[in-house]
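Chain IDs A, B, C and D follow the sequence of writing; residue 1 opens each chain.
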Amino acid sequence: MTSLSCLILNCTLKSSPAESSSELLGSQVLAALLDHGVTGEMQRVVDHDVRFGVSTDEGDGDEWPVLREKVLAADILVLVTPIWLGQPSSVCKMVLERLDAELSETDDDGRMLTYDKVAGIGVVGNEDGAHHVTAELCQALSDVGFSLPANAVTYWVGEAMQGVDYKDKQPTPEKTVETTRTLALNASHLAGLLAKSPYPATS
Amino acid sequence: MTSLSCLILNCTLKSSPAESSSELLGSQVLAALLDHGVTGEMQRVVDHDVRFGVSTDEGDGDEWPVLREKVLAADILVLVTPIWLGQPSSVCKMVLERLDAELSETDDDGRMLTYDKVAGIGVVGNEDGAHHVTAELCQALSDVGFSLPANAVTYWVGEAMQGVDYKDKQPTPEKTVETTRTLALNASHLAGLLAKSPYPATS
Amino acid sequence: MTSLSCLILNCTLKSSPAESSSELLGSQVLAALLDHGVTGEMQRVVDHDVRFGVSTDEGDGDEWPVLREKVLAADILVLVTPIWLGQPSSVCKMVLERLDAELSETDDDGRMLTYDKVAGIGVVGNEDGAHHVTAELCQALSDVGFSLPANAVTYWVGEAMQGVDYKDKQPTPEKTVETTRTLALNASHLAGLLAKSPYPATS
Amino acid sequence: MTSLSCLILNCTLKSSPAESSSELLGSQVLAALLDHGVTGEMQRVVDHDVRFGVSTDEGDGDEWPVLREKVLAADILVLVTPIWLGQPSSVCKMVLERLDAELSETDDDGRMLTYDKVAGIGVVGNEDGAHHVTAELCQALSDVGFSLPANAVTYWVGEAMQGVDYKDKQPTPEKTVETTRTLALNASHLAGLLAKSPYPATS
């Protein structure tokens, strides 16, 4: 069996060591992936000096290249983002913009370096927004070459206009536990298939 | 003081007399508008034989013209829609497509017949999607000539992946009660201003 | 080699025999899939009496069950939709709502009947909206059990606020030709993998 | 006549003096507003050290307070953003997140400090995405207290998958010129009404 690896990117707005609901959800996704024999780690994006831009390296101390190397080394990328105003975080959008550079980083067969990688999504917020965040991330991740498994997302949000954080919601709601498990199962299955049988050259 | 009128369009998928959470929210918005001296009524779109299309009249028994007449007679239009898959209902989308025809129905001054009208939005679902539904409706309604007041939406959704309906949620959650009140207050204020001082000719 | 089949659903608002840009794009996607040995057909949704609803069969002459049978028989489902107001057509939304019923149609292993199927997306409009339509469709299709290949969409839109239809744009712009080819290649590759190696039971 | 002021925030990813299509569109919107007797200026957000966060002041050298003061002093706020991956820029999302803080900055009457202000939107990209960007911005700006005039947006995008920048598209396409003029006319009309007749207290 092919050994798979994953990278979880936590797109919270808050630097470590601030508590983060996205961190909690991300760690649960990571644990669920480890259960399937996947190796990997989680990185909090704002702990790195990532610059605004749409290239692979904006220079001048830009730390995206460090994260990009981890993205390219992983079979599974999971973006975990908080919801603000019903939408993905600006940090998550910054990550997607940096991934946009992959559109022009094709190999000799015209395939992006992200091809054969699988993406998963985690979303948390006090309330409302998970489906829309998922929509924007699915589209952007498919655009830049990732494949999406069935049920590619796990999430939690509270009732409308409530203020409870996921990190303070104990124990984790069962529905989210199940969804996280399904995401890990499906993402690792699909990544295993693509690792053995890559997409053919497009030209 | 100018006397204002409103029309609430309920975009549920279910024909009368089926119970509808959107009907409940719509009736609450209507009541709140009546409190400000606005007159008006609510219509359930699927009780009319509205056809798919992007013209003002698709002919052959199309009943959109009946609803369109009510839209054009009202100062305030409120679209109330259920959430399906985190998105507005197909019936709501059908209404927006019919309103798209207004882009070419300008008066002698180049103004759409919808100009000087104010739009409001109501959204209900078991879970997640209200902000995104609001986004799609705000954009579409602004495109076809409506103005949007501050806090143009009232909504309710439950916790992630739960199955409680708004119509069975008694009493109505206080946050939604407040938001409905604010929507009615702001929509009627803005509609009053535009009724007295219409947008100038664009050409 | 496993023999694969596909179904293209054209979500135009116009019944046959009206000309349809979505029909043209759908036929191009179908042709590209046939090139990879996939068998299949295209159906125009509004030529069937599909009812609003979220069940597998709304009864009383509802023709969704006819289309649903074709969906369940296919390995690849491609939704092709026009853009109205920057958004998917109401007919497309109606299809997604009917597919929402699959969430409760699981087999003995807790797997939806849509699992192991791959989805693709086609979008056409005079102008602007393809990415957003893709986002909504990716999210909804992933929610209801489909997998999405890398570069899951082909599309064409004109310059901002222009009025040329895709069906009148001759020859088909090269970028769209390429994107259609990539969609067919990647969708058939992924569907072939899942046909041989289905997702495991979730429980 | 009440004298009105505006602020244009350019949400490009590139610091000055890099050329920016958003800068060009923003300057055209500003000029059109000046034609209506509105005073104001444009600021490029990334030229300031704005921090990620959802408060009015993240401290430690955060320069959002400088921009916030300008927002609060203006009657009309226009956000101009480039499109990346069919979505608003991360810088634009960062601005919206900072505006989210206004939800808790209410006056003695329970009104946000943004009430009575009008928002406008400008969007530019090589291709596709303007309607979706508009949708996200309309919803977020309405959420945080702004009113939106009829036809609240001006935009330009090229044909699908093309690479021409708005700044290199000379002369400016007539449709965009008209739309910019309409935005300025309607925004200044609505702002004038609200300056004279503020929304009433919500409680």
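Just a few scattered comments:
Convention: a residue touches a chain if its C-beta (ideal position, glycine included) is under 8 Å from a C-beta of that chain, and two chains touch if they have at least 3 such contacts.
Just so we're clear, the structure is a prediction, and the values are computed from it rather than from any experiment.
Under the contact definition, chain B and chain D share the contacting chains A, C.
When each chain is reduced to the average of its Cα atoms, C sits farthest from chain D.
Distance between chain centres (mean CA atoms), chain A to chain C: 25 Å. Chain B and chain C have CA centres that are 29 Å apart. Spacing of chain A relative to chain B, judged by their CA centroids, is 36 angstrom.
Shared interface positions of chain A, i.e. residues touching 2 or more other chains, are given as 85-87, 131-132, 134-136, 139-140, 143.
If you draw each protein chain as a dot and join the dots that touch, every dot ends up joined to every other dot.
Taken together, the chain B residues at the contact with chain D in this complex read 112, 114-115, 131-132, 134-136, 138-140, 142-143, 145-153, 181-182, 185-186, 189-190, 193-194, 197, 199-200, 202.
Here chain A touches chain D in the complex through residues 13-14, 46, 52-54, 84-91, 93-94, 96-97, 100, 136, 139-140, 143-144, going by the rule given at the top.
Only residues 85-87, 127-132, 134-135, 155-162, 173, 175-176, 179 of chain C touch chain D when the two sit together in their complex.
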